[in-house]
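Only one structure is covered here, and it is reproduced in the block below.
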Amino acid sequence: MELNLLTLCYLIASVTFILGLKMLSNPLSARKGNLIAAFGMAVAIFATIFLYEDNGEKLHNYAWIFGGLLIGTIAGTLSAKKVKMTAMPEMVSLFNGMGGACAALISAAEFYHIYQLHKNSPEIPFAELATVGHYITIVAGAIIGTISYTGSIIAWGKLNGRVKDYSFKGQHIVNMIVLVLVIIASVWAYQSTIGTIFLPFILIGLFAFIYGVLFVMPIGGADMPVVISLLNSFTGVAAACGGFLYDNKAMLTGGILVGAAGTLLTMLMCKAMNRSLTNVLIGSFGGGNKNDAATGATKAQGNYKEISLADAAMVMAYAKKVLIVPGYGLAVAQAQHICHELEKILEEKGVEVKYAIHPVAGRMPGHMNVLLAEADVSYEKLLEMEDANEEFKTTDVVLILGANDVVNPAAKNDAASPIYGMPILEVEQAKTVIVNKRSMKPGYAGIENDLFFQPKTSMLFGDAKKVLQNLCAEIKTV
Amino acid sequence: MELNLLTLCYLIASVTFILGLKMLSNPLSARKGNLIAAFGMAVAIFATIFLYEDNGEKLHNYAWIFGGLLIGTIAGTLSAKKVKMTAMPEMVSLFNGMGGACAALISAAEFYHIYQLHKNSPEIPFAELATVGHYITIVAGAIIGTISYTGSIIAWGKLNGRVKDYSFKGQHIVNMIVLVLVIIASVWAYQSTIGTIFLPFILIGLFAFIYGVLFVMPIGGADMPVVISLLNSFTGVAAACGGFLYDNKAMLTGGILVGAAGTLLTMLMCKAMNRSLTNVLIGSFGGGNKNDAATGATKAQGNYKEISLADAAMVMAYAKKVLIVPGYGLAVAQAQHICHELEKILEEKGVEVKYAIHPVAGRMPGHMNVLLAEADVSYEKLLEMEDANEEFKTTDVVLILGANDVVNPAAKNDAASPIYGMPILEVEQAKTVIVNKRSMKPGYAGIENDLFFQPKTSMLFGDAKKVLQNLCAEIKTV
Amino acid sequence: MDNILSFISSNQQIIYIVILMIFVGIEVIGRVPSVLHTPLMSGANAIHGVVIIGAIIVMGKAETGNYFALALGFLAVILGTLNVVGGFVVTDRMLEMFKKKPQPPKGA
Amino acid sequence: MDNILSFISSNQQIIYIVILMIFVGIEVIGRVPSVLHTPLMSGANAIHGVVIIGAIIVMGKAETGNYFALALGFLAVILGTLNVVGGFVVTDRMLEMFKKKPQPPKGA
């Protein structure tokens, strides 16, 4: 009876996971979808605690279980609530790492369990105690979970600047070797006896640990969101291994669901930047390629012209409609609040102000939405790319704040450009374009931007925050 | 070994069904998708014939099996190849009915099988021979299959004009009663003994048969594509019952897949016409409502003006660009070939001619594409709705041939109109509009059309085929 | 209630398969343009012709002397084959008409 | 080959569930706009926190005296909870920012 109820609870959980994920992929229902999945998760957790039976025996150690749940809940809630909006991907990466570690620990515990049962007869070959299938689920959970754990921690470190990009020649070969070592250790462990199995098992974990580090290390910090999404789907697969291990449908379906959806999501993310996954992983333009691109940039583009603060203030104060294009530079300079300030000052002067949001502006999808929401910019003012591209036609001044690739016309005109095909904000349709950045250096993709050299465009050099502050002051005096 | 191979074959079949259906929903891959599903079906069929075992015993009666397959294949291929393009939905309906009948026969055979095994002890209650679950799968297969069969046959008859719409007051109540009778007979059969079960079982089939007829009878002939799609998903469910019966995963997954996809497709079809499924089934505007709408139409709309053949010919011959809007009337008049003729004559005169295709013009989705393709009109000339609505802006003459609802501006302007919200071809953007139909009578939705009374519009009355013939002759003389 | 729970529990996997299949069926169709509604309906119609497997099993299991069972099975096989073969052929014919998808420059 | 076939056959239903789940996972995500990529990733991250179930089972089965097993399980429960709770909360916070979806008149 109770076991049957447990089955039903797991069924409900699986369905809520699917529904939740489906709703998460639509802006209108996303939040509700998240809550639905969370509800299903709660059902699955409490059903497991109270209804699970193993050979007719209930679970024990309730104090430990609830203790762990309590600690995890408090720590999880606090850190999730405290984190700054722009540090979200780091946080997700960290939580993902926890999940991976959890999966790895489960495998370790299961392994230890088998060991405990037979430790008095150390000469039994391990292969006699577990079928190949059983062993593969244990070991795959351990390996994938560990890789996901260390990879996520490195990704987290890169995002908050503690870990620097690091790559060396032949890195890919070293990575392959470590991966082969993981497999060798796995085979070795399976052929060991109970008495001698500890060493190979620890080696499996160790090599997987190293592989996770090496895998993420060379990838450009700016590509971390993609890597996190990939590691996310790894953890899904590790969870599914746990599902096989305990013949638990909720774990199995939840894990596979995230594994599949996460893989596709990773690919979609790459596509939104018009890159391939291999390109991201091998890092051809976050890293190595930069030099080539820079040489390409030296073909002199003619001259650019600068604009003084006073002139910029004047032009904007007397415009009818100003569109602001925020980019990565705005995020780095933490200039979202002063940007909102500028918007208000201009509106007081009767200028219509809106924001043109490119989906991959910044370093994570939706970065700009989150950033501007944090500064209390009204959602009605944010135009999505398609709408913005219509709106530019009737715009007097476009103010570009630390954006570069997302307004690069090469994506439309130059089939040889690495970003060719990426949809961009077509700012040239407006009457005047003012670009704020610190120098003429290229952005994320490492390529030159023709836009800066067009007659319509004038440059306003400086850190985004400082420039905006001065601009605000200046406009007030107009 | 062979049984394991059979399982694999079924797995392959299930996957091909999913992939096939997925590819079918994209214009570029649709044809390949159909072939992939067909391949999977062939695998499943031959695997069943050669590998299936029941209690270690292979199938026999190979001669009968191959005989049936051969007859079915020849008859199926011939009729599918011979049928006229515009009679496709009828054909689909007929094939769907065959599938339903097949499912019903399987149930009957299974039932007969149980009867045969125990006919020597007529006093055994049937309930002792089959669990509720087993019985439900048998009986549900029989009922749903039968309904699908008779319903499809009636739909087929309506589409080719052999069966007329027929409804009487209180029809819905009668339908409900028949459905209840089906259920009563089912319960009765389960509680009968082997000796007395034949009567209730035959009654089940009889009532289901009647229900199928009554269900489709009152629905307007023009709504048959929607009904066929619905019956299609019924047959899917009936096939899934067979899957439960024989614990056969290919039948189960294939059936459920079609059941789910068919239901959604039915709803999508309704949505494309901006109607609800209940509205279609209760027939509120294919049928009864017509009178109300007609009264609404009497509010005189001002006057319409007619145009003579000679004038129409003149206007078109001297136009730079002509867009033809084909509709149901063109299909009825079988005027597609002469329409293509007109197109060629105009092009010889240097006029640019294209077609504006509304997705639900005619009586089945894609009707116009199929129709014009049959007359060898080049695919490049067919504009989809969105593109056509752009193109109208630069068009001199729009020639509307037997279309009405799909160019009715009420769908955009009049929130009270039953077609409000349906996307339409916005022909008013062109310079001149010429409408060919036989009278001022309304079209499918039974509502008046403002377009006909606009100053831009002139009417060219007559049967589409005749009018086009005369028009061609006239233009040649210009 | 108890009955239902134990039914769910003992048919757990089948229930999962059915539910997942429903999701797949719905999702797979979600994005179909309306021009393809008719061929899609026709293709789905051919797929449920998989019921032919049941017909073959019925036919193949019928005892050689039992003419009623043989006749039932034979009829079922013919009808099922009609559904499958006719369905796929008719769909293919329809799709032939759609093959040269025009790619007009967007908005032109 | 034989081994593989008999493996497939004896795990038929699980294989179906896995394959269908993969289809569902892929299809369900197919239409996501890029602004939602980050919250979706985060939501998916919370869902694989279902691995916590395994941790609870490990913890609940550990013999009371076996401190190594207890410690392993305890750690696993904490980490799993972090993943689940943190994941859902963080996702909710992100989505809060997206709630007032603007509906600008198309093309305006």
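Letters A, B, C and D name the chains as they come in the text, with residue numbers starting at 1 for each one.
To be clear about the criterion, a residue touches a chain if its C-beta (ideal position, glycine included) is under 8 Å from a C-beta of that chain, and two chains touch if they have at least 3 such contacts.
Quick caveat, the model's predicted, so the values are computed rather than measured.
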Distance-maximising chain from chain B - centres being C-alpha averages: A
Euclidean distance of C-alpha centroids - chain B vs chain C, Å: 16
Distance from the mean Cα position of chain D to that of chain C, given in whole angstrom: 32
Centroid spacing, where centroids are CA-atom means, of chain B and chain D in whole angstrom: 40
Sequence positions of chain A contacting 2 or more other chains: 18, 22, 249, 253
Residues of chain D whose C-beta touches two or more other chains: 14, 16-17, 21, 23-24, 27-28, 30-31
Those chain pairs that satisfy the touch definition: A-C, A-D, B-C, B-D, C-D
Residues on chain D engaged by chain A in the complex (per definition of touch): 7, 14, 17-18, 21-26, 28-62, 64, 66, 68-70, 72-102, 104, 107-108
Complex contacts: residues of chain C adjacent to chain A: 2, 5-6, 8-9, 12, 15-16, 19, 23, 27
In the complex, chain C residues that touch chain D: 13-14, 16-17, 20-21, 23-24, 27-28, 30-31
Chain D partner contacts - residues on chain B that touch it in the complex: 1, 3-5, 7-8, 11, 14-15, 18, 22, 249, 253
In the complex, chain B residues that touch chain C: 13, 17-18, 20-22, 24-28, 30-31, 33-35, 37-38, 41, 44-45, 48-49, 52, 54, 58-62, 64-65, 67-69, 71-73, 75-77, 79-81, 83, 85, 88-89, 91-92, 94-96, 98-99, 101-103, 105-106, 108-110, 112-113, 116, 133, 225, 228-229, 232-233, 235-236, 238-240, 242-246, 248-262, 264-265, 268-269, 272, 357, 359-360, 364-367, 369-370, 373-374, 379-380, 382-384, 387, 390-391
